[in-house]
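In what comes next, chain A is part of two complexes: it sits with chain B in the first one and with chain C in the second one.
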Partner chain A sequence: MQFSNIINASLIYATFRASTPIIYAALCAAITQQANILNIGTEGIMLVGAFTAVTVSYLTGNWLLAILVSMIAGMAIALIMAVGHIKYKAEICAIGMGINMFALAITKYLLNSILGKSGSFSDPAIVGIPKVHIPFLDNVPVIGEIFNNWAITEWFVIILVIVITFLFYKTVWGLRLRAVGRFELAAQTAGINVNAMKYQAILISGLIGGLAGAHLSLGYSNLFTEGMTNNRGFMGVAAMYFGNAHPVFTAVGCLIFGFADSVGARVQAYGVPSQFVLMMPYIITVLVLAISMASKKAAEKKRKSSLTV
Partner chain B sequence: MKKKLLSVLLVAAMTVCMAACTNQADVNTDDSAAEESTDDAAAADDAAAAGEETASDESAAGSGIRVAVVYSGNLGDKSYNDSCNEGAMKAQEDFGVEIKSLEGTTAEEWEANFLACCEEGYDLVICSSSNFEEYMKEHCANYPDVKFAVIDTTVEGDNIQSISFAQNQGSFLAGAAAAMFTEMTDIEGVNEDAIIGWVGGMDIPVLHDFYVGYEQGAKYINPDITVLQSFAGTWNDPLKGKELALAQFDQGADIVMNVASGTGPGILEAAKDAGKYAIGVDLNQDADQPGHVLTSMVKRVDTACYLTIQSVVEGTFQGGTTSYLTVADGGVSLTDFAVMKEALGDQFPTEIEDKVAELEEMIISGEIVVDNYEGFGANQ
Partner chain C sequence: MDNAWKAIRKVLLTVVLALFIGALFILLISENPIDAYAALFRGAFNGKLSFGTTLASFTPLLLTSTAFAIAAKAGAFNVGVEGEVFLGGIVAAYIGINWTFLPVPLLYAACFLGAMIVGAAWAFIPGFLKSYYNVNEVCVTILMNSVALYITSYLVSGPMSAGVANAQSDPVTVRLYQFLKPSSANVGLFIAIAAVVFIIWMLKKTTFGYKIRTVGTNPMHAEYVGINPRKIFIKSMMISGALGGMAGCIEVLGVHGYFLNNFATGLGSNGMLAALIVKSDVVLAPFMAFFLAILKSGAMGMQQSTGVPKSIVDTITAIFIIIATMELLFQFNGKRKKKKKDKAEA
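Coming up: the complex of A and B.
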């Protein structure tokens, strides 16, 4: 086993490539979490987004339109959650799980009825999200290898993390959203329309979830497979917990997952038992959550002790 | 009251889902329902059973033989499962038997689907892969009137027919072709390193039988070659497959064989994205990413499925037997490189084709004996 074959420049892009779908998913979960709503349905929203993106891209040949429609589809699914949770006071976890099961079934059904395929769908007519090729980087050795030929959505996720961070912590809207999440009653007393804020949070979350799906099926690959999210939505939720719904820390959590995955893929090729490598993401998930919970608890304790003094 | 209404609505929604999926006999849905609440599951089960009964009445007009095929994975993988389904569909056309396909992606679903078929009183239950081995060992004896068949592995039992393949021989040829190809540095994307790759779906014995042959074939051509091996751990995550294949390309491999069912399309796509090459499996996958798939190791799962159904229709089904399809009887083979020839034009190295044909003869004549993974081979 050669160390340089496992840790090298291409590992950086591999890590980022594997993390991007999870970052989108985590942002989708973070927005609702700021309003104290646990978005378990991320997985389902993503799956619907992935399916819509492939279908629209295949039928129209326009990737931008495909992304837009899949974002709207994601929002439509999120709307079901929003109405169920806010208007009919249904338990959000139950609705989320329902959405995930529904997404699996509806995409399977539509795959069959619209595209006439079962299982998976790939076709040369599917137009993927273009990759950004920076010509002058071709001749720069390491940097060129790392940063060239990223999909547009891979660059966009960085912008999105910054925008959402700004939105949360530097705007009135973000302040209100966090107020609703912290203490609903107080927010209401302050004249914030709590339900409106919650609706907005869930719908925007749906938009991002749809985008996450579109990236999965058009940016990361160029196909759709039943259940292609394969728990990436749940990993996003875990990363969101790790980052305490702060976009930047959340993204860091996702990068840890992506890194574990990419290193695993490289180590395996040299005879490390696959069972062990495939276990890694789950071990990392447990570790990451344990650490984040422990630090949260410590912070809480500190805050409480300073109150009494 | 509202909660009650909601639960009624949920049950209704589930029933609608069931109805929507009846042509696929989606046992998955009522399986997941079972985890949620037993009451709902019972209701859903009733609905499913009712739907199935009417379906069977209508199509029993043919030969009256009802066949269920259970899959470990989904149809549409353009690989193993689709190949099996092709055989089943052909049998349906030729003999007028009724075919029911049940797909499932998790072990719980496999067992539930399998048991559902046993209970439903099908004449023949075909387990499409070795993932069903344990359930067959446990349950087949309890259903003496049902005929069972299993592809890709051997399960003992008076009512079980086993069909397996010499995938090690086919993989030997694939490995040899890959080992020769990785030396052709004048072809675009082929580097100087003698490194080839192999990505499998789940880490199960039959895949090791593939790998043993692949490695032996590669080493037969070049004893110093490095073969990289990875498992995705799933049959239906093309993105995971893509990531594993890209990692192997980064590590110097220029051609990667996939043995991964639904995970495979991602591996072929990785070859295209990286400007490298792949080898298809089970079905002819050469045209999936034209110009990037050197050849495919075709495994005639369709023939196995078809012959089994035929034996039941003609009354020649014999439990407790094992058949082993090899290179000699066309059970496994490589494709004719046609798509790659067209893509590369004059650059196509014809010596690969000639050498593969030569090796094939040597395997048939017994001059080359391809190793088996423990538990596989003609006498197992």
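Coming up: the complex of A and C.
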């Protein structure tokens, strides 16, 4: 096993590439978390987005339209969750899991009945998200290898992290959103329409979740498989916990999972059983989640004792 | 009595509404929903084989739905039952293959005990993390399901492989008696029923059950009256895990006779569905599990005799749960009365 074959410059892009779908998912979860709603349905929203993107791209050949439609589809699924949770007081974990199972089943059903395939669907007619090729980087050795040929959505995720950070911490809307999340009653007393804020948070989260799916099926790969999200939505939720719903720290958490994923893919070539490689990101996610929550608790304890004693 | 009637009425309305929405999806691909549903119920009950298959798919659902429900009673959302089924299955297979030095009755006991202990140990991890560090148990259990799946998949394709084309283990030396051949219904069904009855008794009639219910309703109150909510939470997670392990053991000893890679996919989540639809009511959950088993086993027959793909069943069950979780749906009577009252007052 040669160390330099595993850790080299191209690992940076491999990590980022593996992280991007999780970053989108984590942003989807972070928005609702700011309003104190745990978006367990991220996985399902993403899956519906992925299916819609592939279908629309296959039928129209237009990737931009595919992304837009899949964002709307994500929002539609999120709307079910929003109405169920806010209007009919459904428990958020329960309805979130319901959404996940619904997404898994409905995409399978539509895959069978509309596209006439089972298992997975790939076709040359599916137009993927184009890659950004920067000609002058071809001749720059390391930088060229790292930054060339990113999919448009991979560049866009960086912008999105910045935009959402700005939205959360520098706008009135973000302040209101966080107020709702922190203390609902106080927010209401201050004249904020709590339910409207919650609806907005879930719907925007749906838009991003749809985009996450579209990136997964058209940017990251170029096909649709049943259950292709493969728990990425839950990794996103875990990363959101890790980063305390702050977009930048959340994205850092995603990079850790992406790193585990891409190192695993390289180690596999050296005879490590594939199952160990495949379970690595999950174990690391659980560990990171446990450690970050434990240290958060320790910090809280410390703060408390310095106040009371 | 009024509350029980209300709960049952709500479940029935949920079933009707979900089947209605399912019918819309069937119409969408221009098939006849009534034919499809008829084929579905024929597929579940018509003949010894179909009825046996229904019973065989009911057995694990009965256990997994109760496993989810008992964890939910203590306030946990245990999505990890599926992983526990996988691990219980692999342990039962390992003991059933290798511990032949034990006399047969002890070997049965060893299989069940081993599966339950490993299931409980697996469930201890998320339970501990949640109660002491407040780590969200939904996330942890879901991710741990994947880990369990890969562990068993590694074992049956590596060290425990039977060396055939499918990833599976050698056949186990003890089997549970199958009573409706050629289907795979087996006496595991009665073991499962006994276990569920025991759990219901424990939850409703013992001090420990009372503690679980108290912790689930209000952990702060529990702490105030001297119950340690953390320990009870972990214990109920472990009972849930043990039930999952038992389901895995019954599947391996009763249905397959060996450990088959991926055999438990969907068992945990369907049990969770059954429990969620009835709001984790341990008495009603078995009935819902039976209904889901009908849907599952009839789906194949429906796919064969009509053009409706069997994935419609998953869609319908998912719609079920979405509708069932909405607490305030179907409370129209109360609302109407309230409006009348408001009017009268005005």
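The rule is short, and it goes like this: the second predicted complex is superposed on the first by the 296 of 309 C-alpha atoms of A that agree within 3 Å, B and C clash if a C-alpha of one lies under 4 Å from a C-alpha of the other, contacts with A are read in each partner's own complex, and residues count from 1 in each chain.
The rule is short, and it goes like this: a contact is a pair of C-beta atoms (placed from the backbone, for glycine too) under 8 Å apart; a residue touches a chain by one contact, two chains touch by 3 or more.
Worth saying up front: this structure is predicted, and the values here are computed from it rather than measured.
Visitor: After lining both complexes up on chain A, report clash or fit for chain B versus chain C.
Guide: clash
Visitor: Considering only the touch criterion stated at the top, classify A:Gly271 as touching first (chain B), second (chain C), both, or neither.
Guide: first
Visitor: Which of the two partners, first being chain B and second being chain C, lies in contact with A:Ala245: first, second, both, or neither?
Guide: The answer is neither, since A:Ala245 touches no partner chain.
Visitor: If we overlay the two complexes on their shared chain A, which of chain B and chain C does A:Gly98 touch? Say first, second, both or neither.
Guide: Touch partners of A:Gly98: chain B and chain C.
Visitor: Once the shared chain is lined up, is A:Lys108 touching chain B (first), chain C (second), both, or neither of them?
Guide: The answer is both, since A:Lys108 touches chain B and chain C.
Visitor: On the A-aligned overlay, A:Thr285 touches which partner chain: chain B = first, chain C = second, or both, or neither?
Guide: second
Visitor: Should A:Lys87 be classified as contacting the first partner (chain B), the second (chain C), both, or neither?
Guide: Touch partner of A:Lys87: chain C, not chain B.
Visitor: Given the touch rule stated above, what does A:Ala53 touch, chain B (first), chain C (second), both, or neither?
Guide: neither
Visitor: Have a look at where A:Leu38 lands relative to chain B and chain C in the superposition and call it first, second, both or neither.
Guide: Second partner only.
Visitor: A:Ala66 in the overlay: touching chain B, chain C, both, or neither? Say first, second, both or neither.
Guide: Neither partner.
Visitor: For chain C, which of the listed stretches 91-99, 163-171 or 217-225 runs into chain B?
Guide: In the superposed model, chain C runs into chain B at 163-171.
Visitor: Would you please give the residues of chain A that touch chain B in one complex and also touch chain C in the other complex?
Guide: Comparing the two interfaces on chain A, one with chain B and one with chain C, the shared residues are 88-90, 98, 101-102, 105, 108-109, 112, 118, 275, 278.
Visitor: Going by the contact rule at the top, pick out the chain A residues touching chain B in the complex.
Guide: Chain A reaches chain B through residues 5, 8, 10-11, 14, 17-18, 21, 88-90, 98, 101-102, 105, 108-109, 112, 117-122, 216, 220-223, 225-228, 230, 261-262, 265-266, 268-271, 274-275, 278.
Visitor: Please output the residues of chain C touching chain A within their complex, sorted ascending.
Guide: Where chain C meets chain A, its residues are 25, 28-29, 77, 79, 129, 133-136, 138-140, 142-144, 146-147, 150-151, 153-154, 157-158, 269, 272-273, 276, 309, 311-312, 314-315, 317-319, 321-322, 325-329.
Visitor: Which of the residues in chain B come into contact with chain A in the complex?
Guide: By the definition above, chain B touches chain A via 2, 6, 10, 13, 17, 20-21, 23-24, 26, 29, 32, 74-78, 81-82, 103, 105, 197, 203, 228-231, 233-234, 236-240, 242-244, 246-248, 250-252, 262, 265-266, 269, 288.
Visitor: Would you pull the chain A residues touching chain C in the complex into a rising list?
Guide: For chain A paired with chain C, touching residues are 38, 40, 80, 84, 87-91, 93-99, 101-106, 108-109, 112-114, 118, 231, 234-235, 237-238, 241, 273, 275-276, 278-279, 282-283, 285-286, 289-290, 293-294, 297.
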